[in-house]
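Data block below; observations after.
To keep things simple, chains are lettered A, B, C and D as they appear, and every chain counts its residues starting from 1.
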């Protein structure tokens, strides 16, 4: 079992004719994801990546193919329009890979999406994967293996590092969700932890956080008070100097908020095992198997 | 990206916020001329992108044009926290009756812009937050509705502003929000907003941070960038599309992905080393980016060893390997380089590297330990 | 019993120092309404209408007096700010008397209010009254009498006419709600009918509609399918010529939508007794007593 | 309030919608001059605020300046549905390849602005809605989010627009929405939006209705009001703050409250009479408003009886009575007046009226029956 995506996922790829969109659509299809349609204005009626029909609008794509999830590979200047379109068309799960979307645009978009029934993951995220059933993202599929560890992370390659270490030790994953590093985004740690807590196929959870914001502290609160499954965590940026932006827009410390030390303390207080480096996560997770 | 005080205040003024009359000078003679034009006592304010200019002696009063020239001569060229003062703002000096804080910031937890006001202006808001948090009044703006008049009044009455200033303050607060949104700011502060000798509100100091992601659509503001904001190396890295930050250690690192880069730095520290930099080559970097990254790292004389950590995905290991080989060939490499490469096309990458005889490891922790040892001259 | 307002109502009057606000605050107090505060920017710390404390902001008024309802007597140019302020401050029931608020402002305000827990009545309405316990409006209190007929109306004086006729025949009212005649407003017929259907103190309902829009048709649908209590209705504007605006912004017929005939037919189909003139409502209601 | 075609198109043009070049003429000579300036065939279009101008002969093609002068001479002064043509728009004639409908309207049920498009332009959208509703594509705009690009594309692809026109159409649809919102419109239509001989989109006809409640903040648009939109009597009533509409019957009515006024008209009809007007004196009307109202009603020669129906509340009966007495004293009243007055200060009102010996009733239906009888000369 898994959360958010599985064999029932019928995926729409927004921007399927771009180089990123086409490449990853191909990769997702190869992994076994059920890619049912693409949407690119002006390309309606064409076929992409083999036999995937392309539509001019998301509404048309959804009406024709019953797509229930969408992944967005659209340049930053058009990505907000694309995700609003998906939400307006009633797509249940929207995954936005695009990076460098202005934060105020995301604040507006998120406020709108919250008034719909859609869930958003990202932007600026690698997407998510339920190993063995569906990959809706840009991660390398082959490093994953099915299992019962749920993973939620703000980071991309750092997550691969952890997955790699887990898989090497024979510990499989139920679903790995990359929520992205932007300051304003869709699902956060709390939302995903709640889903893992409810998911019968997930027996323990790995949380990969980083400096900036307070989402890890909010997650810690939930873990302490509501969560029955064991959690292991790693927080990146312990050595990052304050006030400098480390790539992710979210990874900036201002006014003393969001240091690695604060986050680690909050998580430890909630009974979370803290790994000192990514590979140690696998060691700690192994104890819970 | 940061704007200078004078740039920030001009942005505010465009939205109707009253600011003191003033101009920027790059020479003492210019400062004198501006002071003569103003015809009143002036303040000479260094324009550098760091805090604490006042304490560093970078802000001084000048009663006469003579004094303005002298003071400007003193401040221009001054070093403030490693930055050389190249320009000063010559502002009409305000007769300050009281100082207010007014700021807008993106509150990521609330996913809204927060507007804050305090009767305790003129000091850093963090200090007020720490000592008298009840003196900060905050309202959150609905992202789709925008700031409303009632919210500006909540701030005005909340900080106990005298009745006669309520209407002017309300206009200024709404203007600040408008300026924030239309500039794609992540922070916009007026501190202090003063009640001056004419009993008028005036923005005496101002600060704006811009959302870097929005710079492509903020051409006018983006053009205001002060190249001194970043070190020359950081600026060069940005030109090459790399995310680079100078640090103090001895181990240069090149990583793909910001989270993995930070984690790599953390592990270096864990094993007794110190990172010389943060460097994220981003996703899908080709050989040329890798070459540029290594050129930047190797230029730092403090660097005693280099750690390359690549988890292939969008970024292909063979491309990275090509860049490394090119760097070794074309640059004068005098320090050991440790490569750790996993993921897409890792075998092809290793083959390319084989000729160069670089030490490599499969596990990250192992690679880090090798780099730390190498930096200590313990051989790799 | 009654809906929306009763002895538990703690009323804030926004604009209490204006001539309308002061007059009607006085009238409401005389009727027995629990007026706990006024809000007028710049008048904080003063007292109005005898011993009602005035606050500069609604938030302050609510924090100090626990007001749970607000009535707005503020000029059209400032009324939207006033009602957003009340909603933001968590006031449960907001009644906006002000007329001539631009429709697009109301569309925006309503979208915001829907994201809060507040209920809005109006704008451009006479307010509401639960006879004998609370009057939150500008209607003449003395023509009402307590009882168990619920009234919901888009009109002002026309409602008084009906109430007057009911009271003259000795038929009392549980609550009379004037929802206002504007095209975009807060509670509509449907919302109020649902409340009356649930209210143990209401045994039958009188609906007073008029030309324009389709709210009466929506109400008819609910009455037909969900409502157990008898409903009597009158629709004003049967002789109104199409395309002309009859005072209420809502009372305009365009494109054949919203004629009195359509509305009457829909209501009759739902089993509603239709009065030919306002006084006849009392005759019809008397049959249900 | 309605805008003329040429005013509406100028508003659209301000938001970037392409319109034909053209000017307004009030004389045939002007029309000729404009046609000469355009240098191509023109269309002469009567500017009156009613529909069906084309069918009435109020829109004609003119191939030459001579013809323009002649046609304008014919159309100017023409009577269209009771309105005299005082001005014509002389527009460059479009070579029309196809006609599209594009309109924005406030949808009160959805509480949103609806944007509609159809490939069936050039006819009334109500007709399309009745006959081929599937040819109308509608999107609703979130009031706080505003219209989005994807919605414009939904319309464009929905009506099967050729690919080469999608981008231009999208811009025009977004402009129309912007114009609608910033003008506080309740309707804004481009019909037809044509694809012309140069294969460009162009708004050949346009229509805007404004939200009367927003006119105070739309000074520039409010100033465009054509006094001919309302009858002189309706305009006079508006000046006096009364809501008045001319009707065809013989019983003048003066009522407080729009709903009650409509109900009063309905009851007049029910008892065999016909209302001569709708007249709402509003809430809290004083004696002067009542006097103005009666002056307007009594001027109508068709009026055979007057019914005054007041339910006192904010409006006080004694104030109304004063106005009635003043009217009877100062105006030459030749028709019977029936007064029905209930509510606040009704006793004081009756006392004031007592001297004038006016028939009155307590119940509304009774009063209406008296007025109907009086109008039929059956005495009151």
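FYI, contacts are C-beta pairs under 8 Å (C-beta built on N, C-alpha and C of every residue); 3 or more make two chains touch, one makes a residue touch a chain.
Bear in mind that the values here come from a model prediction, so they are computed numbers and not experimental data.
S.K.: Look at the interfaces C-D and B-C and say which one is made up of more C-beta pairs in contact.
M.R.: Higher C-beta contact count between the two pairs: C-D.
S.K.: Centre to centre, using CA atoms, which chain is the farthest one from chain A?
M.R.: D
S.K.: Suppose each chain is reduced to the average of its Cα coordinates; what separation in Å results between chain C and chain D?
M.R.: So the centroids are 28 Å from each other.
S.K.: How far is the middle of chain A from the middle of chain D, if each middle is the mean of its Cα atoms, in Å?
M.R.: 54
S.K.: If I count partner chains per residue in chain A, which residues reach a count of at least 2?
M.R.: Residues 108, 111-112, 115 of chain A touch two or more partner chains.
S.K.: Quick one: which residues in chain D touch 2 or more of the other chains?
M.R.: Chain D, residues with two or more chain partners: 142, 144-145.
S.K.: Within the complex, which stretch of chain C touches chain B?
M.R.: 41-42, 44, 56-60, 78, 81-82, 84-85, 88, 108, 111-112, 115
S.K.: For a test of understanding, state which residues of chain C touch chain D in their complex under the given definition.
M.R.: Where chain C meets chain D, its residues are 76-77, 99-105, 107-108, 110-112, 126, 138-140, 143, 153-161, 164, 181, 183-184, 208, 210-215, 218, 234, 236-241, 244-251, 254-256, 260, 276-279.
S.K.: Hey, which residues of chain D end up touching chain A in the complex?
M.R.: It comes out as residues 142, 144-145, 148-151, 153-154, 157, 163, 166.
S.K.: Please output the residues of chain B touching chain D within their complex, sorted ascending.
M.R.: Listed in rising order, the residues are 142, 144-145.
S.K.: Within the complex, which stretch of chain D touches chain C?
M.R.: Spelled out, the residues of chain D in touch with chain C are 106, 108-109, 111-113, 126, 129, 142-144, 181, 184, 186-187, 211-214, 216-217, 243, 245, 247, 255-263, 265-270, 275, 278, 280, 282-283, 311-314, 342-344, 363-365.
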